[in-house]
Amino acid sequence: MAKARTQRPPQLQSAVDEIVGELSAVERFGKLANHVEGLGDIETGRFGIAVITANGKLVQAGEADHAFPLQSISKVFALTLALKAFGDDIFKRVGREPSGDPFNSIVDLERQKGIPRNPFINSGALVVCDILLDRTKEKRDPDTVRDFLIAETGEKAFGTETGIIRDDGKSSGFGNRAHANLAKFFDNLHHDVEAVMKRYVEQCAICLSCRQLALAGRYLMRGGREPDSDDARLARRVNALMMTCGMYDGAGDFASRIGLPAKSGVGGGILAIAPGIASIAVWSPSLDDKGNSILGSMALERLSEKMGWSVFG
Amino acid sequence: MAKARTQRPPQLQSAVDEIVGELSAVERFGKLANHVEGLGDIETGRFGIAVITANGKLVQAGEADHAFPLQSISKVFALTLALKAFGDDIFKRVGREPSGDPFNSIVDLERQKGIPRNPFINSGALVVCDILLDRTKEKRDPDTVRDFLIAETGEKAFGTETGIIRDDGKSSGFGNRAHANLAKFFDNLHHDVEAVMKRYVEQCAICLSCRQLALAGRYLMRGGREPDSDDARLARRVNALMMTCGMYDGAGDFASRIGLPAKSGVGGGILAIAPGIASIAVWSPSLDDKGNSILGSMALERLSEKMGWSVFG
Amino acid sequence: MAKARTQRPPQLQSAVDEIVGELSAVERFGKLANHVEGLGDIETGRFGIAVITANGKLVQAGEADHAFPLQSISKVFALTLALKAFGDDIFKRVGREPSGDPFNSIVDLERQKGIPRNPFINSGALVVCDILLDRTKEKRDPDTVRDFLIAETGEKAFGTETGIIRDDGKSSGFGNRAHANLAKFFDNLHHDVEAVMKRYVEQCAICLSCRQLALAGRYLMRGGREPDSDDARLARRVNALMMTCGMYDGAGDFASRIGLPAKSGVGGGILAIAPGIASIAVWSPSLDDKGNSILGSMALERLSEKMGWSVFG
Amino acid sequence: MAKARTQRPPQLQSAVDEIVGELSAVERFGKLANHVEGLGDIETGRFGIAVITANGKLVQAGEADHAFPLQSISKVFALTLALKAFGDDIFKRVGREPSGDPFNSIVDLERQKGIPRNPFINSGALVVCDILLDRTKEKRDPDTVRDFLIAETGEKAFGTETGIIRDDGKSSGFGNRAHANLAKFFDNLHHDVEAVMKRYVEQCAICLSCRQLALAGRYLMRGGREPDSDDARLARRVNALMMTCGMYDGAGDFASRIGLPAKSGVGGGILAIAPGIASIAVWSPSLDDKGNSILGSMALERLSEKMGWSVFG
């Protein structure tokens, strides 16, 4: 499946260095996600990037070792655990179509009688957490997103953003409880709302650095090695969902500009996958009005262009 | 950008032959799009496929030379003409996000004050036709989708499904006129509704065979050769939109199962692109409840699996 | 059905005079409906009122003889003609529930598959006009709203606001054509869109004075004299629809403050009915953000309070 | 404000007797609200009615002394308590417009950023309960709906439908918790969700007979005696809201057919007010698809016609 290519791509390290240089000159703009306590004291304009290639090479720059809360990026790993445990059966309880509405909109959940549009909007992630509460009884795989991340990265532990745990009892937590209760009203949440919320909030609060996140994403890059394997099939499914639903209501714009499956979080991180080529993590706290990291998106756009990594040609 | 690969992919010709063999055993099911006159006498279960690879090889099977109306697949070529003439400026008048609603839903058009969600829902395609009516004054490129297709395929002419032209004065035409008038109400349609409708219906009614359609799609496959060129940039944009918005409300499911940018039409055709690798056209008239060809989708899923062509690894 | 009453109500003439005095001191505010050509040169702050009681007494003040275009008030008379000709059968094609959306919203029309929520939103009035185009073949009653108004008022003719006719070819006209085409898409419009539009626009453009409008509304006040008669039944139906759906998205607020069935138009007029007691017309061109006359609503609120005319006690 | 009238109305007692006779011949149809536990063992076809006139006369028939749970009818009394304590200020936190959606739809609540459309949809009633939790600190009036009903009827106590309390922990309770949490997300619920739910469920579960309910509604009938008094103003406001929003998504149909302000509950009861004339309570457990008692609505329609009580003439 080699793309014919008439130009020689640039070296990855020099591409990354150029990007960091460019971004350092960018005017600081955007806004912090104002509903996440514990992020309020992070300055805008900060930036980190880490890239791991298929042959294991690590390139990083900026604050690549600064740990930040995963927030919605954790939904990728929770979905992975659910697919590993139950396969495509989970799609009876959560769809895989873009929503056309903001990530926290409850409209679709009512219209579709408790079946969330996809696993990356909040209601979908809550249903996935509910599914995972069943799963832990089986013990075939890591129990939680935290365990999975430890296994994938080889780290011993990760920090927790306690502000996110505290914030759960405040406004954004009530929005998620509205979704969870509505799913339960439609019999699509089997455990107690508070048990599901606890699981959900815990995974959102896990703190990783760009380097660690890029390591954690390797399984999504590696699928192509044995395209008929279960792992490859799983990676394709997750990558496809990241492409169509991963960037909130900006998925189409992101696909058009960057051309890589990706998932962002309001903690400022983005995980992007160049299938068969690289696992990429960027972080910068300022968000655009869709909730995606501004400098992070810009860095991925430049990297995709420089390296010719878009899956779209 | 070669994917590392431990297995040798099958030969394309034998893969296509196997798929046709499998499909011939499939139970006939699904339904014809009941709002398209002139399709009523086509039998279900018919099937054709044509694949053209990056090095110019053509593989075809089944009724690959049967001409069928493009219907919504024509939206890909209209979008291409608009992007060639006006570049990203067109995205001020039409979005590029999935809609989360059926292709003919008027809800989003009202909510977004006359800006269609993307160029592949009907209202978006009508606005693109309106943009193209401005463009023909400039004469830099082929005037119409028909001219563009003649230039890309080397054919001298294409047939027209007259039933579609007649049908325009009946029910489905009124739905499109509702969209066009609402866009005009919001000042996002500059020409007469009937002039736009005429342009729109004409491009929908153009009849191509799978072989001709695969030829016409080559420009979307070729982008990767010179990733920094305008043509490559255009191909990436169109492919990205096909991936996120091309299969109506089944885009997420299709991306997950097949992993290729694609656009379907209620005439039963689907154009799919393996960037850098192949341009693929399939046709079979029975549609699923989203409006996508059933056997066509199955064939693409099998082909993508057998050849390892998913862009997602 | 006399309400027991411990206080003696004021004389009507003095109540009306007081109200005009109060309103003359009101600051001019609000806005003209900016989509109605021909109204642009009318000053805000102008005001007229006319009241006709059950025993035939006429009380008027201010510019009660200034003629203004009926606009949506004409929908009351069109509905009346349709009910006279076809009875409750018309409610198979148009609902009688409040919409919870602005008068020109197309969302409900799509959700309810071409059945407008009620006869007073634009799509509902268009379907009523379509019904009336069938009716004129029967010739039992006045053909058009204009004929009906001539019969009810004893006038020989009414003026026409030509700006409204002209405006139909511009933006607001396209909005209505969107509704008409969508209704036709769902087979709930039987005549040509342009024929229905012509009928609709003509009735909107009829110009009446407050005095004439109050005369025209007498049939809605008189119902109670013979509660079992067809006329009384018709009056109750129309009054009920005015109460629940007559004031656009402000029906609940209006019912709470004024307590009378009423219908407003963007021409600045309001027709209100105190069943069994009075037919009331007010006019003042400045509109609130729901599209209802500001001074007109204030005058009706004061009149209802002073005279104890609310139907709610 | 006496309506001129050429016919003599029938005697109330004979009208009520006739109605009961007619209804006893009606085929049993409809369905029990299937989400209310504790109602499952009530037979369809049962019926009771009680009417109290302005001069204090009580007429009753059928099972007028059978106690049934108020359910949503309690929202009328909760709204009354909130209006008595805080006046029109409460309308900053809850609207007074019909919703155009089912009583339990969450769409509007999100669209209007936590402000329910009116006090009679579930989210609106929850916000009213939240308001009342503030109010009890002031002690000017009865604390709870139960206290208010005791004061209005002169009874010593009312029963409680324990099934409703139990059901709160099951599916319908989760729907209400979704609304409460969403309101809290938008800062329009000031107390704990569970505290508000407790108040809400308790008032829903109060059991009254038709006779007791008609007694409790007298304050809404009496307003007209002193139209300028606070009590009259309050009665007019509540009656207006019952007329436009009291019968779920069937308010327009009910206003057209019966012409009286009314509030129904899924317990099968309806409270209707003929302002200045009568307070009416009916009960029959079979519900139509809007959630309104079928025989109850029919009885009110016949009574309104026979007595000429429609407020619309």
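Letters are used for the chains, namely A, B, C and D, taken in the order the chains are written, and counting of residues starts over at 1 for each.
Quick note on the criterion: contacts are C-beta pairs under 8 Å (C-beta built on N, C-alpha and C of every residue); 3 or more make two chains touch, one makes a residue touch a chain.
Model, not experiment: these values are computed from the prediction.
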Turning angle required so that subunit C lies on subunit D, C-alpha fit (0 to 180°, nearest 5): 180
Chain copies touching (subunit A, subunit B) - same or different residues, decided at half shared: same
Centre distance in Å when subunit A and subunit B are each reduced to the mean of their C-alpha atoms: 30
Whole-Å separation of chain centres (CA-atom averages), subunit A against subunit D: 48
Geometric centre distance via CA averages, subunit D-subunit B, whole Å: 55
Where subunit C touches two or more other chains, by residue: none
Residues of subunit B defined as touching subunit C within the complex: 105-107, 110-111, 171-172, 174-175, 177-179, 181-182, 184-185, 187, 193
Complex contact set, residues of subunit B against subunit A: 1-7, 9, 54-55, 95-101, 108, 117-118, 220-228, 232, 235-237, 239-241, 243-245, 249-253, 255-256, 259, 261, 273, 275-277, 305, 308-313
